[in-house]
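One chain, chain A, links the two complexes that follow: it is found with chain B in the first and with chain C in the second.
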Partner chain A sequence: MGETVTFWVLAVASVAAALGLVFSRKAVYSALMLGVVMLSLAVLYAVQDAPFLAAVQIIVYTGAVMMLFLFVLMLVGVDSSDSLVETLRGQRFWAFLAGLGFAVLLALGFGNVVFAAPTGLAAVNQAGNVPSLAEAIFTRYVFAFEVTSALLITAALGAMVLAHRERAEAKATQKDLSRARFVAFGETGANPASLPGPGTYARHNAIDMPALLPDGSISQLSVNRHLARHTEELLEERSGELDASETPVAEITEGENSK
Partner chain B sequence: MNTITAPAIEYLQLAPLLIVFGAGILGVLVEAFAPRYLRRAMHIPLTLLSLAGAFALVIVQTIKGVPTKPSAMGAVAVDGPTLFIWGTILVLAFISLLLLNDEDHFVPAASAVPGSAEEERALIEGNVHTEVYPLALFAIGGMLLFPASNDLLIMFVALEVMSLPLYLLCGLARRRRLLSQESAMKYFLLGAFSSAFFLYGTALLYGYAGSVDLAKISTALSANVGQDALLFTGAALLGVGLLFKIGAAPFQAWKPDVYQGAPTPVTALMASGTLVAAFGALLRVFWVAIGELDWDWSPIMWGVAILTMVVGAILAITQTDIKRMLAYSSIAHAGFLLVGVVAIGDAKQNATALAAILFYLAVYGIASIGAFAIVTMVRDAGGEAWHLSRWAGLGKRSPKLAGLFAFFLLAFAGIPLTSGFFGKYAVFQAAVAGGAVQLVVVGVVASAVAAFFYVRVIVLMFFNDPAPDGPTVVLPSWGTASVVGFAALATVVLGVFPQPVLDLAQSAAGSLFVR
Partner chain C sequence: MTTHYLILSALLFAIGGIGVLIRRNAIVVFMCVELMLNACNLAFVTFARQHGNIEGQVIAFFVMIVAAAEVVVGLAIIVTIFRTRRSASVDDASLLKY
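Our next item is the complex of A and B:
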């Protein structure tokens, strides 16, 4: 009874999360939805008398793989999005139709299957769940287990081949970088100093708040352009204030604020 | 405290596999520790010797006697057909690697953006990705394991071990890099999708039979009743995964794109080795695990075979890219081979059909490597002369090369005095004996359509005037030259005197798959 209730609750939760994973437009939301799906699976495994599998699911998938996935997302940049232009016209409609047909086929097929009561679980688990699993992995399935190592080596090697960049020249030192900055200053007048940090306001100290320069103007350089969602509203707000006090707004561009 | 008895592993029987995987791992160590200038010099002997050694061990095993029960605790079945398939794959892999060994097929720096200054720089400095050797060895190891796997679990692992390096290798072409990367991406996504189907099918069959062992699934067929939906759905999903790998008709879409985009030596390896391995696995699943169900699956297999032959033969006519044309030709050949898969019957009939398929796979693999080797030699300024119109008049400019290419095309078409004729003849004969006469009629018609586009290329090469700025034929390296020479020789010899190899295939198939 408890198993059935758990199943139906988790079935709804995990299918909803899986749909959210597919349809969410933001990669981070998708990743979190994936986490929900994985956790639901872990609970289902536990309910199915597979405690080891449930633990592994949480530790390896939800713990390690998911976190790695989120790290990669953050490193690649939360703002990078894929093009969603449909190159084959009507493809989504037909794919949806085919998927629906497949689901109906499976549901109708499995609805008619008569399952006998499961037997033999107690006998298999006699020595305990983990020892029995260990015996299966290291005797009957030892070859598959060993061959999987080839898969892991290939994956590591492939990641190196596709992503590793050989450094063709020595890495620029701090001295070189500084020199280059001042050469650029001499030639184009670009600001050689470091960029202003994000600002601190009485009401906000968020990282997406732009800084105020000494003359009261707003520095757009002080925030990452992907995070700068407040800049526009602030500019409006500030310009209202400034109009009132009749102080000119200095349009700050790179290079000018060094004077 | 209970103890686990150590598993019994028949190391000698598995030695070919272990040598290839071991050499792959050694190759990775070479990548890690050897200085850059030495790597290639170390990889070449390591790779070629390991393949030759594995082939020698296959021969030793054949002479010692074919094992009658599965090895490695029932995971790997080293039986007659497996040994023949291993020998075939190892020969094909050896000559593909001679081709792959040539310089300037692979990108100098895979991480550099195509067309960037970084790429230019890597090209000038002469960087090479020597990782392709261990990657190819892992792929070959997977190819060896895939047709030998005796349970669905190890078959899935082998499928992935075979495919993953190939996905990577496809994306490493030196020229037309965007096309190459696109092909790798497509192959990867579609391959992952088909693997998911394979896994779902495995899970359903496990639910049906209570085991992933092929023999146990076979015995469960008569014992379980009332769960047919599980069995049929599982078998169908498993079939999707396997038919995808051989490129049969509703699942053929990846083949032209991937063959076109991949570096040509890798295409040669895929067109020969992967096809052989995937057919071995397909036969094992359909003949051993669900062989008793042939009344249920053979109508579907009929449909797939007809569709594959027709789609391959007809779409090949419209192609203008030489590699795409060869890809569609490969699809059509997969269809001809499926005709043999349908010809299942009693033990004697099975042995005949199996021998025919094994022979066909061997001769087709060799001829297709030869054809792709010639494709690598006809060059334009920007790499291989891929457009068919560039091949016009090649027969007048370099008659020897064009003659050899025409010869391989005739072998594909199945003209007498080439090996392809006996391959087709054997498969169609087995199918007629198995009662699939209508299928053979479709096969012969499809062969005639296929012959049309092969002959069209021959006419283009010999009876058209060469363009003034036509492609040049590069002087082949010793590797490419020996590949073309070996392939041509094998195609002639097997076309005139096929009996020894046919006998070998028959004796290999005589014992059928172990259960």
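Our next item is the complex of A and C:
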């Protein structure tokens, strides 16, 4: 009875999280959904007489693999969203249909099989789950285990070789950067000084509050563009306040907003 | 109960497969592959209990190791491609086509 309840709770949670993984627009949400699926599966392993695998699932998957995914997401850019252009026409529809058909086929196939009551691993796990696993791995599967260690070393070396980058030219010094800024100023008139800090003259000093310029307008340059969600709200708010005093809300757009 | 676990495993595998086919972000595609591997592991563990045989768990353990190695190399490849092409979309890496 307890197992049934656990199963249904976790089954619903994991299928919902898997759907969220596939259909959420942001990659970070997908990663978190994957974490939910992996944790649910870890509990399902524990329920099914596999406590060692449950621990390994949590340590290796939700610990190491998910962290790696999040690291690479941050490196590659969280805002690199999916393109909506379909290179193959109707590919999404047919992929969805194929996946659905595959699921129905497998589910019907499993649904038609009649299984006897599970034998259970109580007899095998008499000495404990870890000793019986160790006995299998280090006797019958010892060669596979050794090959696995070679695979892991190869993977670590491969990752280092692939991710390593030789610096082709010397690193730009402060002098070079300053010179480049003034060359840009001479050519395009880009502001050579540092960008205004956020919220210096505003009512809040949060990092995502834009600074007010002396004439009361808002400096778009003062906020990182990824954090700028408050800017438009504040613009509206301020334009309401300032309508009476006839001060225009100017947007400063000169220069590259690269802060 | 075995049937329930197997159907859950099949559902997760199919959802992962749909994700691999319809998503364009290479990292999300990778996550969907991980989901498929996890679904297979669930089936292995279920059959291990059904037949009272520890070898299903041994295979699931090896699948986890191989999946970890695969993630390391795959993500390194994605980072390398992103560095040269400034894009993590699987549609952009199509130079061999032309």
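As a convention for this text, the second predicted complex is superposed on the first by the 182 of 259 C-alpha atoms of A that agree within 3 Å, B and C clash if a C-alpha of one lies under 4 Å from a C-alpha of the other, contacts with A are read in each partner's own complex, and residues count from 1 in each chain.
Going forward, a residue touches a chain if its C-beta (ideal position, glycine included) is under 8 Å from a C-beta of that chain, and two chains touch if they have at least 3 such contacts.
The model shown is predicted, which means the values in this text are computed figures rather than measured ones.
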Superposition-derived comparison: chain B or chain C, residues of chain A touched: C
Partner chain(s) touched by A:V36 [first = chain B, second = chain C, both, neither]: neither
Partner chain(s) touched by A:A64 [first = chain B, second = chain C, both, neither]: second
Touching partner for A:R165 - first (chain B), second (chain C), both, neither: both
Partner chain in contact with A:V15 - chain B first, chain C second, else both or neither: second
Which of chain B and chain C A:V142 touches, first, second, both or neither: first
Touched partner set for A:V113, first chain B, second chain C, both or neither: both
Which of chain B and chain C A:A184 touches, first, second, both or neither: neither
Partner chain in contact with A:P131 - chain B first, chain C second, else both or neither: first
First, second, both or neither for A:L212, with chain B first and chain C second: neither
Contacts on chain A seen with chain B and repeated with chain C across the two complexes: 106, 110, 113, 115, 140-141, 144, 148, 151, 154-155, 158, 162-163, 165
Chain A-touching residues of chain B, taken from the complex the two chains share: 2, 4-7, 9, 14, 21, 24-25, 28, 31, 72-76, 109-112, 118, 121-122, 125, 127, 129, 131, 134-135, 138, 141-142, 145, 153-154, 157-158, 160-161, 164-165, 167-168, 171-172, 226-230, 232-233
Chain A-touching residues of chain C, taken from the complex the two chains share: 1-8, 10-19, 21-25, 27-28, 30-32, 34-35, 38, 41-42, 45-46, 48-55, 57-58, 60-62, 64-73, 75-80, 82-83, 87-89, 91
Chain C-touching residues of chain A, taken from the complex the two chains share: 3-4, 7, 11, 14-15, 18-19, 21-22, 27, 30-31, 34, 37-38, 41, 44-45, 48-50, 52-53, 56-57, 60-61, 64-65, 68-69, 72-73, 75-77, 80-83, 85, 87, 91-92, 95-96, 98-100, 102-103, 106-107, 110-111, 113, 115, 118-121, 123-125, 129, 132-133, 136-137, 140-141, 144, 148, 151-152, 154-156, 158-159, 162-163, 165
Touching residues on chain A, where the partner in the complex is chain B: 105-106, 109-110, 112-115, 127, 131, 134-135, 138-144, 147-148, 150-151, 153-155, 157-158, 160-166, 168
